[in-house]
Amino acid sequence: MTSVIGTWLAAFFTLAIFSFLYKDNPFYKVAEHLYVGISAAFWLIYVWSFTVYPLLVKPMIKNGLQGENLLLLIPFIFSIMMLFRLIPNYGWISRWPMAFTVGLGAGLGLTGAIQGILFPQMRATVLDLWLKNNPLGTLNNWLLIVGVITTIFYFFFSQEHKGAFGKIARVGIAFIMISFGASFGFTVMARVSILIGRVGFLLGDWLHLIK
Amino acid sequence: MFGVLMAIILSLNVQVFDTPNDDGTSITIKLPWQTGRYKSFSIYRGTSPDNLKLVQNFVVGETYKDRGLKPGAEYYYKIVAHTKDGKTEETDVIGPVKTVATWFNKNRFGILVSIIILGGLFVYFIEKARSGAELFIRKISGLEAIDDAVGRAAELGKPIVYIPGLLGINSIPTIASLSILRKVAKKAAEYEVDLIMPNADPMVMTTAQEVVKEAYLDAGRPDIYNPNNIYYLTSDQFGYTAGVDGILIREKPGAVFLQGYFYAESLILAETAHSIGAIQIAGTTSTTQLPFFVAACDYTLIGEEMLAASAYLSKDPVTLGSLKAEDYAKALIIIFLIVAILSKVIGFFDFTRLLIAK
Amino acid sequence: MRKEIPFLISALTAMFAVLAFFIPHKPFGGLQQKMLVWYSVVTGVAMLIGVESLLNNHYKRIRRRENILYSSFLIFGFLITFVLGVYSIRKYGDAFAPNSPFMFIFNYAEVPLQSTMFALLAFFIASAAYRAMKIRTVEASLLLAAAVIVMLGRVPAGAQLWSGMPKFAEWIMEIPNLAAQRGILIGVALGSVGMSLRIILGIEKPYLR
Amino acid sequence: MNKLGKILSNINRQVIYLLVFLVVALPMILGIKAKVTVTEPVRKAYEFIDSLPPGSFILIGIDYGPSTFPEMNPMLYALLRHAFKKNLKVGILALQNAVNIPIGSQVLRAVAKEYGKKYGIDYVNLGYKPGWDAVIVSIGREIRDVFPEDAFGTPLDSLPITRNIHNYDDIALVIDLASGGTWASWIQFAQARFGVPVIIGVTAVMGPESYPYLQSGQIKGLIAGLKGAAEYETLIHHPYLGVRGMPAQSGVHILIILLIFVGNIGYLLQKRSKT
């Protein structure tokens, strides 16, 4: 029984969201407002269950405030400071945890960008210019190298895109455009699969038109 | 026949050593996994040779890292191998092996060098800018368009909507987005346009409130700042999208800014913004979403353009100096790539070895 | 004071994060992970501020007598999910136990809403392609051509048109596409380094003046 | 000419949405079936499952979430239908995220009902456990170490289906349906170490990266994306969302290409009349 009610509820939500494609209407508004409310509560419970409780509350209850657990005071205090946001005139206290977060982002960004992106991408670009008995592979390597370097040229800020420099940057733009087109086309299939899933739900689970 | 013999002659070949480049809490054990002779291993460990206890049974794979040890302590090991035909073989007691805590991770030397080079370039160009040298920066059309977009919203008497993406303020694109927000907010204050900003992250929301408040103060209009226009919706990706779509369709903003890190919701937001006739200025570092912004939006800041936007918009020579430094870094990277590729051709030196960072 | 201390906190945090990356020795080793845990705890608690903002916003609207119906739906949706979540934690020890009423809401509201919003992309991808893919310039034509070839390469009709289509589409994905992505990513990496350095050096302070 | 150009380049967005919807829904309602050619990776998966003796216990990992389930659920439907038809015993578990279990168990309940299968006798829901590498290794010794109870708190010893299941020796096959990295751990630990046969199902985007494992013989079969599900449905003669979705899949691609074509004709006509 619950699953029948649930299926009808899900069908209502599905149709209400799709109705937005025609135009904004009361059904969409109901679904939208319910969705925002439900999901805000859902993530609150989720964050409690998988972050705040296991990472902060549980270890504190279990082992008390000693040893390694003393470090938990840092997020605990930052969290309290964050909540000062809710008290008028004391909102500025929340700048401290914000500053911590921004600093962490900068610190991780500095090393992470080099280790996670720059080095691997550069390493993968150092390719052979000549592959024996493999003209297509050789051509591909050349194209890759030219593509990477010309794309980087596009991102030079202190040079006007004119003359020889502009021509190189223009090749880079060509690579970028081909890449964007290809990614666009490649994604269609995954998106349509999702829609097929929803239509399948309506026709199958709800209306039992297909089995 | 030969294979079997080899295996017997080699017997149980195990290497036990302190894990290099770590905090001294682990020892690495290299197991003869590739011989194909063994099913699994049991690892015994102790602080003295005559008192070894089983620490891990059924270990599989080439190396096993024995973790949670004390730095600077000595350990003894014995490994028992279980062969595929159900027999066991064991080593003598191995040790003592001493754990060492390292002060510098040598695997990351390359990264340190790059940070020093990049940091040096930064300091150099910032100083140069401070001393008054003219630094040229080309026009980035997406950024030039910000003024016009806000101005047009003002003419039409419509608000603007600023969407900062899904990630928190510990992510670089979001920080960059907040810097762009400052400029947009200042313009909005000057033109007396309402700025609406729905958020998916509560910390981004609070930071944005601070940023916008400061911007209004800068513009000399703290009186028209309304913190209620910068609010939280939900952290749910599509719940947020549904909510923002509702706002776009009902508030009918004249300009929509999509700046930050986006996932699949990018196109839903951009298409809805287009359907109400708003000017859209997008920017993200996400290579999977850039194609959709480029297709659907009037202006798109691509990758580094978006990260450089705040420096560009500030027009402050010191900050512009940092963009110049980024350009020189790019030139160095191109030179490095070309040298490394040519060096590979003549077999001189494998430059990719400099780029290894575990 | 209200401005110096936050800057100090952020610079020190950044410095420690960088040091921890290079120094495995105590107390730096593992510090990055620890700080990330702290971060997730703080954002987790900050969720309360978000929720306050959301509910307050709609409560005010109801009091101002605008949007009464829809704002009530939003608050109702929040309350019922929250109450059932707390109830499920108390009764089952875990809100995510499969039989819990909280999971009923997940199954029959959250999941269909989420995937239907996601499914809207199938429509928007079509309208965006129709509107944007025009042969206005050489660049735009390249984008169009690449998109059409890759789309054709992924359906049987493409192979019927030309048997080499799937291979050609794959080649576009693997060579020119990859090259540009790599170039963009290298730029992004440098931009991130630039942004980080500007924050660490105090040139840019997004959270305060 | 100008007028035609204007019409062609200004098709209403609602019209486009309607066309997309019709192209997807009509073939599904009318049951139009595209011919699905079965590829080797899917056939191998089918043949392996088909060869299992009735009563064998198989474990299915539900490692995809709400955002990819429309692509992945059809695989689960097809595999469960095959398994229940062959009277295999099925257990599901999730290692990637707690919210995956409700998604998988809905499908499991529905298919079990179709075949009159009973909970605890023919199928079981083990629930979610974090830390997937460790969980996979632990099952090699004793499944009760990590799953002492099923998802509803019943001890495994009190369920007929799991009473005699202890480790991989009692498990005939592991199928991991994954949108993330769990599948690689199943291969690395369960297959390589304990020799349990593994079949994986992944999203279409992930197909290419998992293909080498099939070539090396580490997995018994590979199902990728909705297309893979369609192939499996063809093999079990039970066309469902996969097979029904194939014409829609091709149709939308062709529709978008036609729309681009029409839009450009409109654009060219307008441009010519201007000059």
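Order of writing sets the chain letters: A, B, C and D. Residues in each chain are counted from 1.
The rule is short, and it goes like this: contacts are C-beta pairs under 8 Å (C-beta built on N, C-alpha and C of every residue); 3 or more make two chains touch, one makes a residue touch a chain.
The shown structure was predicted, so the numbers you read here are calculated from the model rather than taken from an experiment.
Contact with chain B and chain D alike is made by A, C.
Most remote chain with respect to chain D, judged by CA-atom centres, is B. By number of C-beta pairs in contact, A-C leads over the other of B-C and A-C. Chain A and chain B have centres, each the mean of its CA atoms, that are 12 Å apart.
In this assembly, the C-alpha centroid of chain A lies 3 Å from the C-alpha centroid of chain C. Between the CA-based centres of chain A and chain D the separation comes to 23 Å, rounded to the whole angstrom. Residue numbers of chain B whose C-beta contacts span two or more other chains: 108, 111, 115, 168-170, 172, 175, 203, 206-207, 210, 232-239, 242, 264, 287, 290, 292, 294-295, 302-304, 308, 323, 326, 330, 333. Among the residues of chain D, those touching two or more other chains are numbered 13, 17, 20-21, 24, 67, 69-70, 98, 106, 249, 252-253, 256.
Residue positions 18, 21, 39, 42-43, 46-51, 54, 96, 106-107, 110-111, 113-115, 117-123, 125, 127, 129, 131, 133, 143-144, 147-148, 151, 154, 181, 184-188, 190, 192-193, 195-197, 199, 206-208 of chain C each touch two or more of the other chains.
Within the complex formed with chain C, the chain D residues making contact are 11, 13, 16-17, 19-21, 24, 34, 66-67, 69-70, 98-99, 101-103, 105-106, 125, 127-128, 151-152, 249-250, 252-257, 259-260, 262-264, 267-268.
Listing the residues of chain B that touch chain C in their complex gives 21-25, 71, 101-105, 108, 111-112, 115, 118-119, 122, 126, 168-170, 172, 175-176, 178-179, 182, 199, 201-203, 205-207, 210-211, 214, 228, 231-239, 241-242, 264, 267-268, 270-271, 274, 285, 287, 290, 292, 294-296, 302-304, 306-308, 310-311, 318-319, 322-323, 325-326, 329-330, 333. Taken in their complex, chain A has these residues touching chain B: 17, 20, 24, 28-29, 31-33, 35-40, 42-43, 47, 82, 85, 91, 94-95, 97-98, 101-102, 104-106, 108-111, 113-115, 118-120, 122-123, 125-130, 145, 148-149, 152-153, 155-161, 176, 179-181, 183-184, 187. Interface residues of chain C, counted against chain A in their complex, comprise 2, 5-7, 9-18, 21, 32, 34-52, 54, 70-71, 73-82, 85-86, 89, 94-96, 102, 104-123, 125, 129, 133, 138-140, 142-151, 154, 169, 171-190, 192-193, 195-197, 199-200, 206-208. Of all residues in chain C, those touching chain B in their complex are 18, 21-26, 29-30, 39, 42-43, 46-51, 53-54, 57, 60, 110, 113-114, 117-118, 120-121, 124-125, 127-129, 131-133, 143, 181, 184-188, 190-199, 201, 203-204, 206-209.
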